[in-house]
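Two complexes follow with chain A in common, the first pairing it with chain B and the second with chain C.
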Partner chain A sequence: MASTPSGTHGGMADFNIHHGFIEALIRGMRSSFLADSDYHHITQCETLEDVKLNMSETDYADAVSDLTVLTPSGLQSAAINKLVTEFKYVRTQAVEPLATFLDFITYEYMIENIMLLLKGALSGRDINELLAQCHPLGMFKESTMRSIPTFEANAKGFADLYQTVLVDTPVGPYFAMFLQESSNAMGGEVRNVIEEVEIEIIKSSLIKYWIEDFYQYVQKLGGETAEIMGDILMVRADTNAINITLNSFGTPLNEPVMRTSDRKRLYPAVGHLYPAGTHMLADVSTEEELGKVLDLFPQYTSIWSVHAAEAEMSIDDAFYERDVQALELAFESQMHFGCFYAYVKLKEQEIRNLVWITECILQAQKDEINKFVPVFSSHAPWRSSTKAR
Partner chain B sequence: MGHEDCVSKFCNAGWGEVLSRLSPYGYANFGIAFGLGFSVVGAAWGIWLTGSSLVGAAVKAPRIRSKNLISVIFCEATAIYGVIMAIILANKIKKPGDGITTELPEDWDFNSFYYAGFGMFSAGLSVGLTNIASGVSVGIAGSSCAIADAQDASLFVKILIVEIFASALGIFGIIVGIIESNACNFPIGAAE
Partner chain C sequence: MSEVPPTRMNQQVFKGKKKAAESGHKLLKKKADALKVKFRDYAKMIAETKGSMSSDATTAFFSLTQAEYAAGNFKQKVAEGTLTARVRVGAGIDNVAGVKLPVFTPYETGSIADNQSLGLVGGGKKIVSVRDKFTVFLHQLIKLASLQTSFVTLDEAMKVTNRRVNALENVTIPKIQNILDYIDRELDELEREGQFFFSRVTIAIHYHCE
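Showing the complex of A and B:
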């Protein structure tokens, strides 16, 4: 499925006709990110009450004032709700093709929510509890969401689930492609697919289709959006490919038969590693071989060496750092859509940072507290700045 | 040109004949129209480019509202150049004197006539086209200025310098236009 944008967004001279106000709005929201000084104050706090006091001087003042007692999970949901409010405000003002672009950002969360509901249905959890755990950016109609776990957990139930419920959601086409490809591989048995294949593999496949679809859409928009978003999505696709490979070691997915048939199908057809790298990754069976493949790609040697050396930073943090670097670049130039995606992702990173810091304070692990990736920091490794913000 | 006979009956045997047969009054008035029209197009373009970004950026940083109106004023200035030029040119167009009805007399001052027509057309075009470029340029720079000012107040003056250079382009147009149209005078009677 390749969505086609209803038009291009115009270059420097006419981007502002439809998107000038909204872009300036998002760029104004850039000042709401926590600065180095804010992180400094928060990491120095001894208790969560102090954290709450410090947070009330930042842009999170309103979000935090509603919490009577600050807990990491409470802070996370308050911060996510703040992000969702801002996103919805921007989304209501957007016109095509920006509206579809913003919708693409939400599809990722919709896929996560559907997988959460399916997994919950399989283990028989309560629907209300599951709905409370869903990410707010990826909600669709409540009746649809409530009906997902009610389907029977057998072959016929899943087929019905897709045909009646999922096909109407915006991510329906991704399911259709997944079922098509899986039934091709398994020789035509559509109904058994969802039952036999693990939920994680379904999720990886859906995210792969989403990345490819988003990439095609962005390329059709052309101009600077294609350049900047294309780069961001390629880095994302490569991160997924490397993580899939890394996580498959020690699982049945790593067996030679499974590698070519199943694991290879999970690699996105987008990215610096595609097509030569993913072809080689399909044959990799140990971490050493993975390292040898990544040596051929200069962008990833430094990340891999972080993992191989088992240094202070985990490989996830190294990937996050690479992501943050690419996303900050989206704010460096004007008149394109990259800043919208970058804003959502960088806010997510900030929320991750806040949860990490509050967890460290709660568990009194002060030596681990600085292992987060700050956003728009003047101390970032790629930024040689003489002036602090 | 002017006195020779046309090849065809309606004087439209080719572009050369058509263009050289257009009345200098027509040329002059088109010059005024283009000068004013294009200048206003450039100014309007610049204003909506910078205005939309200004309104959006001011949502989160209301302090930028007043300072960044300077960008809008720069764009407006390009429209004013067009109006000045149009008024100057319009005042130079004169009707032929009394007694001249359908045909221009033999001793009509054709030199000034054609000189004025072509000169005013060119003056109008020079102002109009330079002001489109200037208006768009100031608009884009003004849009970036508003957004940058919202993040860091010290950037405003520096980006303003970019806008000043951009609006200088419009001044070039009106200077050349005035110099050119100075010597243009429509005659009202015989050559002296």
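Showing the complex of A and C:
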């Protein structure tokens, strides 16, 4: 039996040789998620001191004990640091191909950090302040990060920046593709791209390349991972496409000229909506047209109807619910890498929930406090049918 | 009192002064009353605006929380972007009952929002609603600031006017009145002296003629 890791990760027979221990770790960590009773206790708290008391009985006890006074932002950074510690521990235990898979997960945060550093450099902010605001999961070599803002904000500066700095980072290729595509579209001026194009659009393009790249990698791994992660990434890509279209109404991106040139370029080349759906989405200019396009795709009609009803939930909440449902399912089967991605994303959702609850308590908005999506909850709408036994 | 020679001319002069002072006093009193009315109006408007502002503030900040739930931490992205003001405050002067009060008016500079594609991949609607709610809050803030500066200036002006009214009432007019009384008395006495002298002279002449 070969013990050197190869490109694929093996199926039921040999997955556990290289990845059994780590998967067991992740499944152990799965039990650290806050349960319904924890959420219930925390939402009943009147002050943030009570919240701190309740949190010390959950898995967050260490993270919270360091905070003298609990604030929503303090809680958020403590929780994120806890997630990063756990992730780094798992990462150090991992071998190929799981190691690359875990790295792919961090690229998303790297992209965000790079954009933050670039934008901050343009506005001339202090490098240390910027580094403090970077997402810890997306940090790369400190020397590289420090050198990003030192480049001059002019034409030659950016070309240099790309060639010396960005090309070394794992997300370099995405930048290359983006600059290539923009220079083709804008007629040759590579350097002004970063200045003229809005930072969000650059980020959306990079995320698009990342999703496509991740999807290719996952397909190469084959087996259950290709199936489950493929599905998760397709849903992610579709969510992005729908959100970009929906949120572009009323902004310059919705102009007919911009729609085909710029907005279409932001749609990822994976997903249920690709290629027919994204082609139609590129021509959509109002919400009704968007609704008509989505009617053709049954898995998104329910989400769209939530948005159209404009009742209590917003479309973002509907997407979050759909995501949590899909990610929880990733834990239901074994012998694939989906549970690692799911763990990071579900932890993120939990952190979002905690920040939401503490903010509601702080701002005395108790009637809104239950508008979060709990993770692994037995009261979740998709589980209620199994309760009657 | 001793500096004013008690002549008829001075009597006329001071009578004129008294009339001027009294009419001035009446006008100032009218101005003080008008200012008092305006003062009460401003106080009421300030109380109303403050009341509505507290609810506006909570909705604005809560919509920010909702947007952060949907779109992640976008505060840094906004802070790092180019900050050109979209709404500016113009300072103007309003004339109220003769008092020049400063007023602030908001006006749009028309510069396009830099971060229009902020919530592109999620939370866009919430960010738009944050923008709207904070704009409402901002307008309330400007209104309140304008009202409060006007209020303070109005207060100053009212104090000054009241001081002048009181000064006229309790110092100037009584002083003039005292001078007038003195002149009257002196003139009376002069007349009496004159009469007395005249009567003594006529008695002396009669005595001599007999």
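Annotations for the structure displayed:
The rule is short, and it goes like this: the second predicted complex is superposed on the first by the 378 of 389 C-alpha atoms of A that agree within 3 Å, B and C clash if a C-alpha of one lies under 4 Å from a C-alpha of the other, contacts with A are read in each partner's own complex, and residues count from 1 in each chain.
Here is the rule we use: a contact is a pair of C-beta atoms (placed from the backbone, for glycine too) under 8 Å apart; a residue touches a chain by one contact, two chains touch by 3 or more.
From a predicted model like this one, the values you see are computed outputs, not experimental measurements.
When both complexes are overlaid on chain A, the residue A:Arg30 reaches chain B alone and has no touch with chain C. Of the two partner chains, neither chain B nor chain C is touched by A:Ile228.
Looking at the shared chain after the overlay, A:Ser314 reaches chain C, while chain B stays out of its contact range.
After overlaying the two complexes on the shared chain, residue contacts for A:Gln334 are found with chain B alone; chain C is out of touch. Residue contacts after overlaying the shared chain place A:Arg125 against chain C, while chain B stays out of touching range.
More residues of chain A are in touch with C than with the other of chain B and chain C. Of the two partner chains placed by superposition, only chain B is touched by A:Asn16; chain C is not. Shared interface residues of chain A, touching chain B in one complex and chain C in the other, do not exist. Per the touch definition, chain A reaches chain C in the complex via residues 116, 119-120, 122-123, 125, 133, 198-201, 203-204, 207, 239-240, 243-244, 246-248, 250-253, 266, 314-317, 319, 352, 355-356, 359-360, 363-365, 368, 372.
Residue ranges of chain A in contact with chain B, taken from their complex: 12-13, 16-17, 20-25, 27-32, 334. Of all the residues in chain B, the ones that touch chain A in their complex are 45, 48-49, 52-61, 136, 139-140, 143-144, 146-147, 150-151. Interface of chain C with chain A (complex): residues 58, 61-62, 65-66, 68-71, 76-77, 80-82, 114-126, 128.
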